[in-house]
Every structure is written in C-alpha cells, then in structure tokens.
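Residue numbering begins at 1 within each chain, and the chains themselves are lettered A, B, C and D in the order written.
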Amino acid sequence: MFFASDNTGPVHPSVLEALSAANEGYLPSYGAEDAMGRVTASLREILGAPQAEVRLVATGTAANALLLATLSRPWDTIFCHELAHIEQDECGAPEFYSDAKLTLVNGPDAKMGPEALEAAITASATGGRSVHQVQAGPVSLTNVTERGTLYTVDEVTTLAGVARAHGLPVHMDGSRFANAVAALGCAPSDLVRDLDALSLGGTKNGCMGVEAAVIFDPEKAWEFDLRRKRGAHLFSKHRYLTAQMEAYLADGLWLDLAGRANAACARLAEGLASVPDIALMHPPEANMIFFEAPRALHAALHAKGARYATMAPLDGDGAARIGARLVCDWSAREEMVDAFVEAARAG
Amino acid sequence: MFFASDNTGPVHPSVLEALSAANEGYLPSYGAEDAMGRVTASLREILGAPQAEVRLVATGTAANALLLATLSRPWDTIFCHELAHIEQDECGAPEFYSDAKLTLVNGPDAKMGPEALEAAITASATGGRSVHQVQAGPVSLTNVTERGTLYTVDEVTTLAGVARAHGLPVHMDGSRFANAVAALGCAPSDLVRDLDALSLGGTKNGCMGVEAAVIFDPEKAWEFDLRRKRGAHLFSKHRYLTAQMEAYLADGLWLDLAGRANAACARLAEGLASVPDIALMHPPEANMIFFEAPRALHAALHAKGARYATMAPLDGDGAARIGARLVCDWSAREEMVDAFVEAARAG
Amino acid sequence: MFFASDNTGPVHPSVLEALSAANEGYLPSYGAEDAMGRVTASLREILGAPQAEVRLVATGTAANALLLATLSRPWDTIFCHELAHIEQDECGAPEFYSDAKLTLVNGPDAKMGPEALEAAITASATGGRSVHQVQAGPVSLTNVTERGTLYTVDEVTTLAGVARAHGLPVHMDGSRFANAVAALGCAPSDLVRDLDALSLGGTKNGCMGVEAAVIFDPEKAWEFDLRRKRGAHLFSKHRYLTAQMEAYLADGLWLDLAGRANAACARLAEGLASVPDIALMHPPEANMIFFEAPRALHAALHAKGARYATMAPLDGDGAARIGARLVCDWSAREEMVDAFVEAARAG
Amino acid sequence: MFFASDNTGPVHPSVLEALSAANEGYLPSYGAEDAMGRVTASLREILGAPQAEVRLVATGTAANALLLATLSRPWDTIFCHELAHIEQDECGAPEFYSDAKLTLVNGPDAKMGPEALEAAITASATGGRSVHQVQAGPVSLTNVTERGTLYTVDEVTTLAGVARAHGLPVHMDGSRFANAVAALGCAPSDLVRDLDALSLGGTKNGCMGVEAAVIFDPEKAWEFDLRRKRGAHLFSKHRYLTAQMEAYLADGLWLDLAGRANAACARLAEGLASVPDIALMHPPEANMIFFEAPRALHAALHAKGARYATMAPLDGDGAARIGARLVCDWSAREEMVDAFVEAARAG
C-alpha cells in the first residue's frame, strides 16, 4: 500500500523500451539529435503553440527554476501560493537561479484567487515605481496544485488576466500537468493559452527523469539555453532524455497514464470518504488527496504496511487528528487502493 | 568513423540492463534506496576511503560545480589550468555555484606544474592577508587532462603538497577518472589519496548520465546535499542513477570499459603517427589525442564521413595546418580506428 | 512642518566639525587610521562587549545586509517581522548579499511575539533536517520597529532565547538604536546582551552617512571584512566615516540627539491625540508615530506645507480614512511640532 | 614624504565648505534634492552628452561594479587588462554584482592593444555562438591605467571600435579620469565619445567619497537605480554626495586639482630619472609612477619617513631590485617631492 508519492513508482515499460531503442551507435550530443526536433514538433502540436521552444531537463525543480529565472530579473518578486512547490520544497532553487524573491499569496485549497493575486501585486507596487521595493515579476501557478486540486481553464485565464493587466508574465508549474489535463478533460492548448512558460512534467507520470521546459516566446530560448548550461542541466547524452519524452508523448501515453493515476485516486477518495473518522481536507480532483484521521488510525495503517506522509509525526503528542497525503501514480492498482480503504475502515 | 567525443556513443548493455532490473515496484526516492548504500560502500572500498561520502548527479559539470562550491567561499579563487573544463566548457557553472573566481595556471600538455601552481598561489596572496584581493581557494586538477595527457600519482601528490602547504583543498575533475586509472595502471586509491573531493565520471565511459561526487571529509556532505537540492540536481527517482553507477562499478566494468577506450586510442595514435603530414600535439596517454594536419587532409577525412572536432573552421582561410581532437569511448571498434588511419594515410 | 523621515534633516554641527578636524594631512586609508581604534574601544565600552569587532559602513541597508550575510548560509531563511525594513524597503539587498530567504512573522505593532517566532522556526524545520526546505537561519529584530514601537530588554531577551533554543543567531536592525535606548532608559549593554550582530545607526540621528556594524563574535569579523570589500562598501578615505562616528559617540551626543527626537515626537503624539478625527495607530514610543485621519485632513495639512508620507495616495478615491507616518529627528523644533498640531486641529 | 596613494590625503577645502553649505534644513532624500539636477546638467555639458544619466555612489568599486553589472548579463565575460583594478583590487566585486567572468588581456604599460583585445574577444567566441562558453560582454578600459599611463583619445576610439565591431559595450574605469583629461589636454567629451558607461572619480582627487556613474544610454538608468539600491549604495542623506560633486565640478576645480597632482608627479619623475640606480618602469604620464630600485635604497627611504608601496616585502631575501609605486594627489607639495628626490639621491 504505497501512496507516499508519485516519484516512488517504476517507469512505464514503453519509456524503458525507448531508452533501449535509442541506444544505437553514434549521435550528436547536447540535444542536437534528430529526435529532439520531433519532440518539439509534437509538443507544439499538443499545446497548440507553433512558435514555442522546448528544452528538456531531468528534474522538475530545474524546469521551474530555470524558467522563472528566464522570466524575471534579479530585483523582481515572483507571485505564488504559499504552498507552492517553489516555495516549500525546492530549498530556494528558484531564488538561487533567478535572484528574485517570492511573494506568497493565500487562498483555500492551495489556489490563488484573482482578488488575492491582484492585492499582492498591487501591494508590491504601492506608490508607483519605487527603487526601495522589489519589483513585480512573474506569476507562477501550480496545476495540479500542491493540495491535489485544479485550476480550471477559466481560472487560469482569469489569473493570467490579472498578471497581464500589470504586464507580468505567467508560468505554470505543471509537474502534474498531465493529471490536470486528464482530470479537466480539456484540450492541453486551452490550459496553456495564456502562459509564457510551462514546466511539463514526465518524471512523476511514468518517466525516469525528464521534464519539458516550454518557452512560448522563442526569443527567450537562447537565454534559457545559457541558463541551463550554466546551471549544469544540459545533458551530454541528451538522447536519453529525448527518448523518454518522445515515448511519453507518443499515442497519448502521457494522458493515458495520468488518467489511470487519477482514476485510482478517485477510487481511493471515494472509499475513504465513507470511512467514519476520516475527513478529506480538499476536493479530490486529480491524483493526490489529503485527509485527516485520528493519530491511532494512521499508526494502525502504517503498522499494516501503508506508506504515506503525515503532516505531523505519529509518535508526537500533539493534536489527536493528523493530516496526511496520499498520491497515486500510473502504476497504482485497484487492489492496492481497495486494500488501503479496507485497512482504513478496519482501523 | 566517429571520434567527436566520448559522449556520442551508446550506453553499455550492462548499464541498460541495470535500469530495467531497478524498475520494479515502489522504492523511496531522493537517494534513500538501499542500492545507494551499496554504491557508497563500493566506492569507499575502491578508493580506499572508508569515511568518504558519495553523492550522485547526472552531469559532470554538476559534480564539478557543486564540489568546488562546497570547498570554497564566495571570495575565493580556484586554481586550475587555463584549458580546464571548468574554465573552458561549463559556461561559468563553477562561478555560478561557488561565487568564486578562477585563477588560470599555464603549463604544457594541459598540466599545471608545481612551480607554476606555487607561483599562482603566492601571487594571489601577495602582501599577506588583504581584503582587496580574492583569497586563495581550492586547487582543481583535471585527470585525464583536456589534452588527453595524465597526471601521474607522483605528480598529483606533488601538486596536492603545494596546495596543502598553503592550506588549500584539492579537487580532481575525473570525468575520465577511469581512463586515467586504467592508463596509469595504478590503484584508484593511489590517485585520490591527497584529494578533498573527486568528480568520478560515468557518463563518458558507458553510462547514460551519472557522475559520483566523492567527498572525502564526511562533515562536508550535508552542505553538498543542500547545494545539490538547491541547484535542482537531486533526482526524485534516484534509483536510476544508482542503478547505473552500481552496474558501472560491478566486476570492474568501469576499468574494463576505460581500458578498451584507451586501447582503441593508442592504436589510433600509433597509426596516425606513421602518417606523413600528421603530427601528434601531445603525448597520447589515455583515450583522447590531438593532432595537426593540413586543412585539406581534414576536409578529405570529413568528406569520407569522419566526425571529429577541429580547432579552427575548415572553410576559413587561416593557417595551413589545423589542430584537431579525436576521442575514443568504450565502443570504438578496431575496424573503425583502422579505417580512419587508412583514410588519413590516403589523404 | 517636515516629518517625512529622519533622513531629511541636517547633520549635527559637532559631526560636521569633526569632519573638518579630520581633514588634516596624510592618513592611512581603509580604516587603518588610529581614530578607528578609538571608535571600536568606545563602542565596546558602551555596549559592554569587550570582544566585539566594529566596522563602519555608510548606509543602514549595507550594515543589515552584510551582517545578515555573515550570520547566514545561502540555504538559510532569515526570520523577521513582515514589516521589517529588510523585507519592505531594501529592494532585496539582504537576499542579494546573503543568498538566503526571508520568512515573515506577524505580530501587532510591528513586533514579533515569541509564540509567533517559535511557530515560524518550528514550521521551517518540520520533520527535522530535510534537504528539500531552506534551513532555519538568523532572527532579525528591528528596534525601534518600523511602526515606532519598542522591544523592551525583556522582550529582546525572550525572543533571543527562542532563537538560541534552536541554535540560531540574532541580529538587531538598530538604525534607530539610539532612539530605542533613549526611550527605554536602559543601558545600551542590556539591549545587546543576547545579540550576535547589531546595526547601530548614525545617519538618521545627526550623522551624514555612517552606521556601525557590530560583530559580537570576533571570529566573524574577517568574513565581514571580505564581504564589505566585495560589496564595495569599504571606504578608502575611511577617516571621514570614523570622524562622524567618533563625534556621534562622544559625550553621549548620540543619546542626547535621540532624546530630543523622542521628546519632539512625544509632544507631537500628545498633541495629535487630542485632535478629534485623528487616531494614533500604534503606541507612540520613540521618534516615529502613525495616525489615521480623514483624507480631507491630510489634504489640508499638505496644503499648509506639511510634509509626511501617507499610506495611500491622497488623490485616490479609496477609503475615507488614511494612515500616515510622522518622524522626528534631532532637529525637530517644538514650534514646528506645535504648528503641526495646530494645523491638524484647525483641519 | 607621503606617496602611498591618492586616497591618503585630505579633502579640498571647497568640498568641505560645500558640505557645510548643504547642511541647512530639510531636503528630500535619496537623490531627489534639486542640486542633483544641477550635477547631472553639469556633467552632461562637460561630457558633451545631453542624454546621459548620472548617479552618485561613494566608492569607485561601487561605480565600476554597478555599471559593469548594468552592461552585462550573468553569462558574459568582461574584457579588461590583467592589471585592471576590477581584476586586482576589488575582491571580486564586479563578479559579485554582475555574475559575469573577467577575461584578462595582456599588454605593456597596463594597456590593452587592439590586436590583443580583438584576439581575446575572438577566442571567447570560437566556433560561433556556443552554449558551452561564457559569452563576450563589455570591454572595460582603465584611464589613467593602473601603471600610471594613459590611453589617448585615439587609442580609446580604436579599442571601442574593436568592441563595437563585436557588438560589445564599453566601460571606462575613470577613478582618475580627471588626471587623464588634464594630462591629455583633451576635451572630456573626446574621451567619452565612444563609451557606454563611465566611472568618474572624485574621491582620489580632492573629494571625501563620491564617484559619478555616468550612463550614456538613459534607458539603462532604471536598472542601475535598482542595482544601486539592492547593492545598498543609495544614500538617504544624498545631498552630501551631491554637494561634493557639485563643488568638485564647479569652476573646473576637478581639472585644476588633477593638474596639480600631475605636475607634482612629473616633477617627481623627472627628479628620480636623474638618480643613478633608479629606473622608471613605465612612461610617467599622469599622477602615478613606478620605479625600480635596490632593496637597500627602498629601506633607506622608508627609514627617512617615506611612505609608499613596494611590490615585494623589503625584509624578504628575493630579488636585489624591487619595484615600487608613488602616487601624488592634489595636495602633494613641491617641497615634499623635492625632499623625496633628494633622499633618493642621497641613498
């Protein structure tokens, strides 16, 4: 019963096979292989962005930090939700790469609302252009959010509109972009229409370690290239990043895998919702849910072999009820889900 | 006839198989998998360094930049040869990660001599501790050097002695460490005895993308961990870095592959040495050689399908003779080597 | 009627005279003049810190940023109130110098309470030492605060105790340290007993441009020296910084000037408190007060020549009542204070 | 006999008087005082640059580092002579502010020749635009050079032409700009015609601590403003920087003082040239000379009270002859010069 993260599962067989298939003879290095052209073409089509430039890196943090650095200046502040991965889980990588600050915006279910974003931007620019404060910079949205909820297409459009009205670029941390698209049932192009940059994740959804950094303004690509190399994120044997991404995008595999993860998670949420003593903390909308349960129940589940993260230590003596996170990846089987629900019900 | 780099060839089958073998079920992420413990133990034994800490990253530039940052302070200068990879080919990554400067040391065959190093260190500290100059920091040796030559064990000991006498730490850029050990016929432990940090390469020698950052003082490991995460170089599905390195070290595969590359290169050097009009530029000591030849000969070789880098454009109108680099990796076959020599002889 | 800031007034005559007196003949540069030794001795005695090292810089932002950089590591976060000068008014200088983040703590009257600080530190270290989050770093207290209130000696001791319990160093932004000491009536040594570093301001209190950076652990001084030079804040004709500070500290001038400013401000607060329609926003404790008044009253005051900052533009169409800040420096005369109160009463 | 530096002498009385004159009543802070407009107008006229923006900082290192940061990008390299102040004497401040590297160019008498500069730029861009190397960035000329020699107007034009041909901006470190103009007898505008940025020094030539950062493209000024604030170099009581610079520029005082320093130095050079055993190391062209003399002569001069820097310790046991530097500022009197020459002749 493994629900600790969507980075603890295996790679999808098609991705592994692609690595083998790519392992033939000599190829130019550093992204000059032909297949990279195909990946770019494929993503341009999927995202409805014929001008977009695509670069591959191996970690989601690299995609986020490099893209945000490319969109900002050292004296800017980046607007994001206070629970955003770039604030909470990247040990300051966005600041390291961009030299910019982060301004935190509140909102339920890990989502910024347009009023809160507007207020934060306006507050950062009080009194007009002043040299004493950092300047308003990019807005970064996480979709799927860090609480497993979704920004709808309309919500993205609205938030991007707020940013645009202030002349600010928009970035989406899409480490679970596939899960968002699959859950929303929208066209991928609808979700990126208003973006300047997208981190499109592969690692959490069946790949080994590859993320697409999508730059919608091609004039920014050269700066990204230099930042990527300078950050030591340009792979010499780049073909193996490309092969993963090509397999991932082929025949809709990326959406298929995300759909499986979402379905497993929906089943899990439904099951847990019926367990007394368990309360879901946010609407279950993609492949990750949060629930509150008595400390003893968590302990019992762990004793039965369940693996997942709790928001406080189980052996502490704090609150009686503790929050926890469950994540499903593409490989989560129904039996495992059912076993967990059963174990939870048994207490 | 592909000699452009040792990063243009395929991955050794054992490494690919290890990726498949690792692709089973759930495992903790971020390096907490059991196999990482085995990799550390294995490298400690190979290097004769029972206290050393080992971390894996995916690029050689990341290993170099993170290790140098860990060994230096922002107001330091790092001493290296003027042809070092960290100076010439990393787009400023060492400076980006460390905030330190690089002080360039000259010397034939891409090697620093002890007098030149001593002079550079002394010059940087003229007049004693002064706040107006950057301070003397780590010494970084590249072995195999960027001209395909070697530092012997004695030479490393001597240079490290110069550094030690000034209280400076020593780093080795060993992106071709296996080639150096295989060519020198020494124990790996002999070559690292005087080091504070080693970048031990896998990528150029049969792996897909993995380098071991070896930290000989374990107290420095936590800082390295934070720098790695902050630099976005900590892999979530870390097991696939570990699997590569484990397969690479198993049963001496790393030295076996390096030996093959070195042997192919020796055959190539021997063949070219007998070609009139061709002059080797440096002693051929590992898996990379440099030679000078008439512009027309380079053009003819390229026309016949040879792929390698020249030190000036072939279609320019500069010097009549042009330098060039040839690199063999583990997969370079004798027939390919012989075909190239034959083509060179034919002109 | 000038209350815009304590940096808009003139320099005290004694400080100007000291500049003239220092303007004789040749002296070694960069702080090696004898007078700097006297300044250090004087501050050690005043602060009861015989080991402390003292360095002079010309701006308060430089003192704060360099001291915080010296106390922190690039992957740390600095805890401060959300209204702190280092967060609000330095355009990211602390982050630029330290590479660290800022974690904002709330609290009334611009003061962090011990529970809020404890909660922020604990939250930053949830789950123990994790590489995914920035690490807990220095705590920075502003005294006088940015709302004109004071941390008492006991409050500083309590907050420093919270920091100490987590092994964190403590910095005080004392750009108005003299005003704090004068208002508290304490010994300066009482207020710094628990500090690792103090920015002791001179500029706002009668000097031209000089701040003392006090480093209580002398082993940190060399790092500060390098950071100061590297930040371009080491003055060649340093004697003119020294002369200012020496005159400032001589015969208690610094406390005398602060006392005058505080007294003028107390008179101002008392006067305004009696004006209908005006409400003080925070306890008036030092040389700076905040008050709320109808938009029309602000407009009338400005029309009469009053100069001070309002927290929203007067020509906007927002709230009917607007907050504003009034600051008194050493040169604020009673007549000016009384004229302002009178004008406010007249409406 | 004080020749250690032009930062060891006093401030010219007119500059001190200007500080007193500025010390009246309330003035807006941070450079908004009227006098700053006059300084800008004055420098625009002097430099023949009606569009130029002018900003004041207190140290030459700040002017250099902030201007170079404004002209470069983090992945650039700045071309300068290997003896340049920005390389030798600023503890890495230019790199700290710009994140760029420095590429060192050789040349006699501390001057870059056009061929050497061309070669360095070309070498940095071998093979065209490559992501593996840092990119060619600004060219920085020091005039007066660090060996007391001059770039003529024609030489500046030629070097700037080399930079322009590669699309690179040009910066002049003019911490002794007044000495250069006075010595060359040119119009100031001739010397800056081809510049993008100029650090125009005041501190070494009779001021207390003020340098003008001149930005010839006004569109770059806002970035400079933000960098200055973020670097903690924006003075609150800015009027006292302005007052110094206004007095310095008034009635040609700046050129008058530089002429005095140059004349004293010419007398010194002429005197020393006639002393057997003393050899001037570079043409004496401005207010700073270098000479070689026997160790014993240096020791004798120091024993007689002379103060100046030698290029090796006098109590060492190295070379028999040692180089040394002598600098004259505006206040160097003929008698002091003559006494030194006499002492040197006496041995």
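One rule holds for everything that comes next: a contact is a pair of C-beta atoms (placed from the backbone, for glycine too) under 8 Å apart; a residue touches a chain by one contact, two chains touch by 3 or more.
Labels paired with UniProt names: A, B, C, D = Beta-eliminating lyase-related protein.
Computed from a predicted structure; not experimentally measured.
Asks: Would you say A-C or B-C is joined by more C-beta pairs in contact?
Replies: A-C
Asks: With chain centres defined as mean CA positions, report which chain is farthest from chain A.
Replies: Chain D.
Asks: What is the distance, in whole Å, between the centres of chain A and chain C, each centre taken as the mean of its C-alpha atoms?
Replies: Inter-chain centre distance comes to 41 Å.
Asks: Averaging over Cα atoms per chain, report the distance between chain B and chain C in Å.
Replies: Taking the mean C-alpha position of each chain, the two centres sit 51 Å apart.
Asks: Among all residues of chain C, which ones touch two or more of the remaining chains?
Replies: Expected reply: 74-75, 90-92, 96, 131-132, 226, 229-230, 234.
Asks: Spell out the part of chain A that touches chain C in their complex, as residue ranges.
Replies: So the residues of chain A touching chain C come out as 74-75, 77, 88-92, 95-96, 99-102, 127, 131-134, 313.
Asks: Per the contact definition, I'd like the list of chain B residues that touch chain A in the complex.
Replies: Residues 2, 4-5, 7-11, 16, 19-20, 23-29, 57-62, 64-66, 90-93, 96-97, 203-204, 208-209, 226, 229-237, 240, 307 of chain B touch chain A in their complex.
Asks: Spell out the part of chain B that touches chain C in their complex, as residue ranges.
Replies: 30, 73-75, 129, 131-132, 135, 222-223, 225-230, 234
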